[in-house]
Every structure is written in C-alpha cells, then in structure tokens.
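Could you have a look at this structure, given as structure tokens, before my questions?
As written, the chain order gives the labels A, B and C, with residue 1 at the start of each chain.
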Amino acid sequence: MIKIGVLTVSDRASKGEYEDLGGPAIVDYLNEVVISEWEPITVIVPDVQDTIAAAIKDFATQECAMVITTGGTGPAPRDVTPEATEAACDKLLPGFGEQMRTASLQYVPTAILSRQIAGLCGTTFVINLPGKPKAIAQCLDAVFAAIPACIEMAGGPHLETNTTRFTAFHPVHKH
Amino acid sequence: MIKIGVLTVSDRASKGEYEDLGGPAIVDYLNEVVISEWEPITVIVPDVQDTIAAAIKDFATQECAMVITTGGTGPAPRDVTPEATEAACDKLLPGFGEQMRTASLQYVPTAILSRQIAGLCGTTFVINLPGKPKAIAQCLDAVFAAIPACIEMAGGPHLETNTTRFTAFHPVHKH
Amino acid sequence: MIKIGVLTVSDRASKGEYEDLGGPAIVDYLNEVVISEWEPITVIVPDVQDTIAAAIKDFATQECAMVITTGGTGPAPRDVTPEATEAACDKLLPGFGEQMRTASLQYVPTAILSRQIAGLCGTTFVINLPGKPKAIAQCLDAVFAAIPACIEMAGGPHLETNTTRFTAFHPVHKH
C-alpha cells in the first residue's frame, strides 16, 4: 500500500476558520490518476516554516512515496512553504516549478508569482502546489507524467498511473 | 504618493564616465504604464555587491512600493546585481527571471546569459533588469501584468496601471 | 590552443565497468561546432560531490575556456553533479538549465527531472549535461549560440563556432 502525504498549509484552515479545499482537491486528483493501491495521509498545518518542514520530514519518516503540499507559495509575508520545503529536502528539482509556472501562465499572468518548488526528502518526492483548488489540476497535469519515474529513480515504489483516464480527463495532455 | 526606486548599477555611470541610459528608460516606461500618482527616486551605484544591497534596503526603508534595478546581471566578473538582490531580499520570486529570459529569447539567443532575479525586501518588490535600454521594455512587458498583484499581496500599496495604453503600446501583450 | 574540459561523472565508468559514452559524444559535438583550435582534456570521476567539484576547479586552474560535464544530474541518491558544480562556481547562470530543460521537454516529459545547471568558476564556463548520449546534442543545441559570448564576457578566450555547419546539422536551430 503506497502512502501519499497531502499537506494543507493555511493559518485559517489549521484553526478551523476556513474549510480546507486544497487537500480534498489533491485526493480527488490522485483518485483519478493513480491505479496502484494507495492511501492518503492528510495533515493541516499553519503557515509556520518549522512546522511545515517538520510535517514534510514526518511524512518521509513514514515512508510516503510522495508529499503534495497546497498553499503558502505566494508573495505574502506569511507564505513560507517553499522555504520550508527547501529546508526539508536533500535535493531540489527546479524543472517542476519552472514547468508548473509555464503551464499556469496559460490561465493567469500572475502564475509567475507562485514560488512553488519540488525536491526529494530522502526517497520521498515533495512538490508544492498553490492554495487555489483550480490551480491544483492545472499544475499537476503539467508535470505528473514525470512523477512516477522520479519516485522510482529516487528509490521509492513503483506508482502505476491510469494514463488513459488521465489523458482523457486533462486537456493539457491532449496536445 | 507611491515611491518607486530606480537603481542604476554601473561602475562607469557612477563615476560620470558614461551617461546613464537605463535609469531614464525605466522612468519613461513607468510614466506610460503607471496611472497612480508616483515619484521616482533615482540612484546610481557602482558594481559593488554590498553597495547595491545597501541601496535596495534603503529604498525599502523609504517605503518604496517597488525597486527596479538596471545593469550588472550578466556573466562578467563585475556583474553582481543578482547576488546583491538575493542578499537584500527576504523572499525570492523565481518566476520573474524565468519569464523575462523566455521573453528576451525571442530577440537574442544570449538572453539566457541574464542572471536577473526578483524578490521582496520586506514589503518592497525588487526586480533586476539588464543594462541595455532596449531590453528594459522587453523584460517589463513580459511580467508587468503580475506586478501590481505582487505588490499588494506583499503588503504594499495599490498600483493602478493603464492597461489600455500598456496593451496598445507593447506588442508582446497583444498575443 | 583553447582547452575544453570534458568531465564524465559516473561510478561505473570510473571503475571501468561501463564504457563512457557521454564524454566521446561531447568531443564529437565540439569537433563539429568549434572552429578555433582546441583540445579536449577528458577526465572520468565517480559520483562523489567533493571529487567532482575538485575536478571542475582543476580544469579552471588549467585555464580551460569551458568545462562540460555529463552524468549525475538526475534525482537518484548518487546524483550530485549540480551540487558539486554550484560548490565549485562563483556565479550561477540559471538560464542555461531552464532552456535545456525546456528544449528537452520536446523529446521526453521526464526532461524536468534533470537538475542540470551552469555557472562560472573564475573565468571558466561550466555546464552540466545529462548522462544519456542522445540528450547531449539536444541540450547543447538549445544553448550553444550563447556560449561563446558568455565565455568572452566572463574574461575567457574567443571561441569561433561553425554556425553554418552547426545550423545545418542541428534541426532545433532551423525553427
């Protein structure tokens, strides 16, 4: 059973003042594209760098194949998810941030404001997504084709994806 | 009255051996696209990392909404503007450099040599432009649509831009 | 006589368990595109960060105009060439990695997994390429037009390239 960490980073969601929409959107996306037996481990933390980094490391200790974060990637003073991710990771993979920003630029010119990164914490692949649920599928569509290979090369498990369903469902992959 | 810092980085211009063309080109550009009442604070410094970083921090202390630098972004030994900017900033915004290089590649293959970055020094948005006056509009056209949102999200003032004039004037935005 | 360092990074090739294909592919490429008199200095090292960094610095001490590495740029635990390159360089040039990944994406979605960077070690230009021989020409085609200018701006020698042959041979440049 493959474990995938889903980390919502939001001051308000962590206090229960705001419904977490990002986390469930990630689980929905994964339910569509991952064929391998998997289970999500969902955690909500406030926008505090050390807390976010500790949550990522904890997912790695639990041998999650992947950790997907949502929120805290923008230019606001409280947005520190990329810094926390960099602190938790041994290696960074700059191509993911570049490609997700390029893809998001098709939808909004403010896509360049997202500071989202990806990297490896041990053999666990970690990737930042914006907080807006709509941006989650847009970003993952742009990079998901490379994720199973990344996880395997890093020493993680084989993640089978439903490429038919995936391709059919996500228009970006049609071109 | 919104303040915008315009920082020319050039050994020769700082000694008066060379006319500063980059600074005035930035002011001209802003006069066309910024509708809000604003005033430029123009400074010229030599290519010295600590001096550049101190000038950026000084603009932030003066509560500039934005600092635009010109010069010192290339591969020459004296080019240290990106390093100085990184040292002065609390947060980096990699999407700006990526997008400006991509846009400049339409004009010259050497666009990839520009090491220009953007970031936030407190609530002040900081962005590096090349020294060549022609490259200034090319780079700003590629990213200006995202700048007012960035400044507001970072806690700075509302910057009204003349999108009609802007769109009409700068061909890159037509496509 | 211009010297160009060709550094193969591979545990297996360094032990002689595997034929080095990347190094010869780089020499072949340079034979086609470089007109100036030049000689390669080829070295093979294992995937050890300090060893790779020391080899790069040694090439710079020998006044190589350029160092091209192959291998060790992926997400595998032993892949540390980018980290070694960053440690050896005084300045980084992020546009090279961005542009090579963008070009490689035309061929494979896993191009974003390459963590390859470029920078300057003194006046020596350093660039990482993937280990796969096929990716070497794809990556160099995407950025070579900017390399001679970079070397000269950094204080290195004038590198004459056969642009006709180059353009004719490499399809990416036709568009």
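Things to note:
As a working rule, contacts are C-beta pairs under 8 Å (C-beta built on N, C-alpha and C of every residue); 3 or more make two chains touch, one makes a residue touch a chain.
Given the structure is predicted, the values throughout are model-derived calculations rather than measurements.
For the pair chain A and chain B, the fraction of shared interface numbers is less than half, so the two copies use mostly different residues to meet. The rotation relating chain A to chain C, fitted on Cα atoms, comes to 120°, given as a multiple of 5. Separating the CA-averaged centres of chain A and chain B is a span of 31 Å.
Annotation for chain B: residues 94, 98, 102 touch two or more other chains. Across the complex, chain C meets chain B through its residues 91-96, 98-99, 102, 120, 123, 125, 143, 145-146, 149-150, 153-155.
On the chain C side of its complex with chain A, the touching residues are 74-77, 79, 83, 97-98, 101-102, 105, 109-115.
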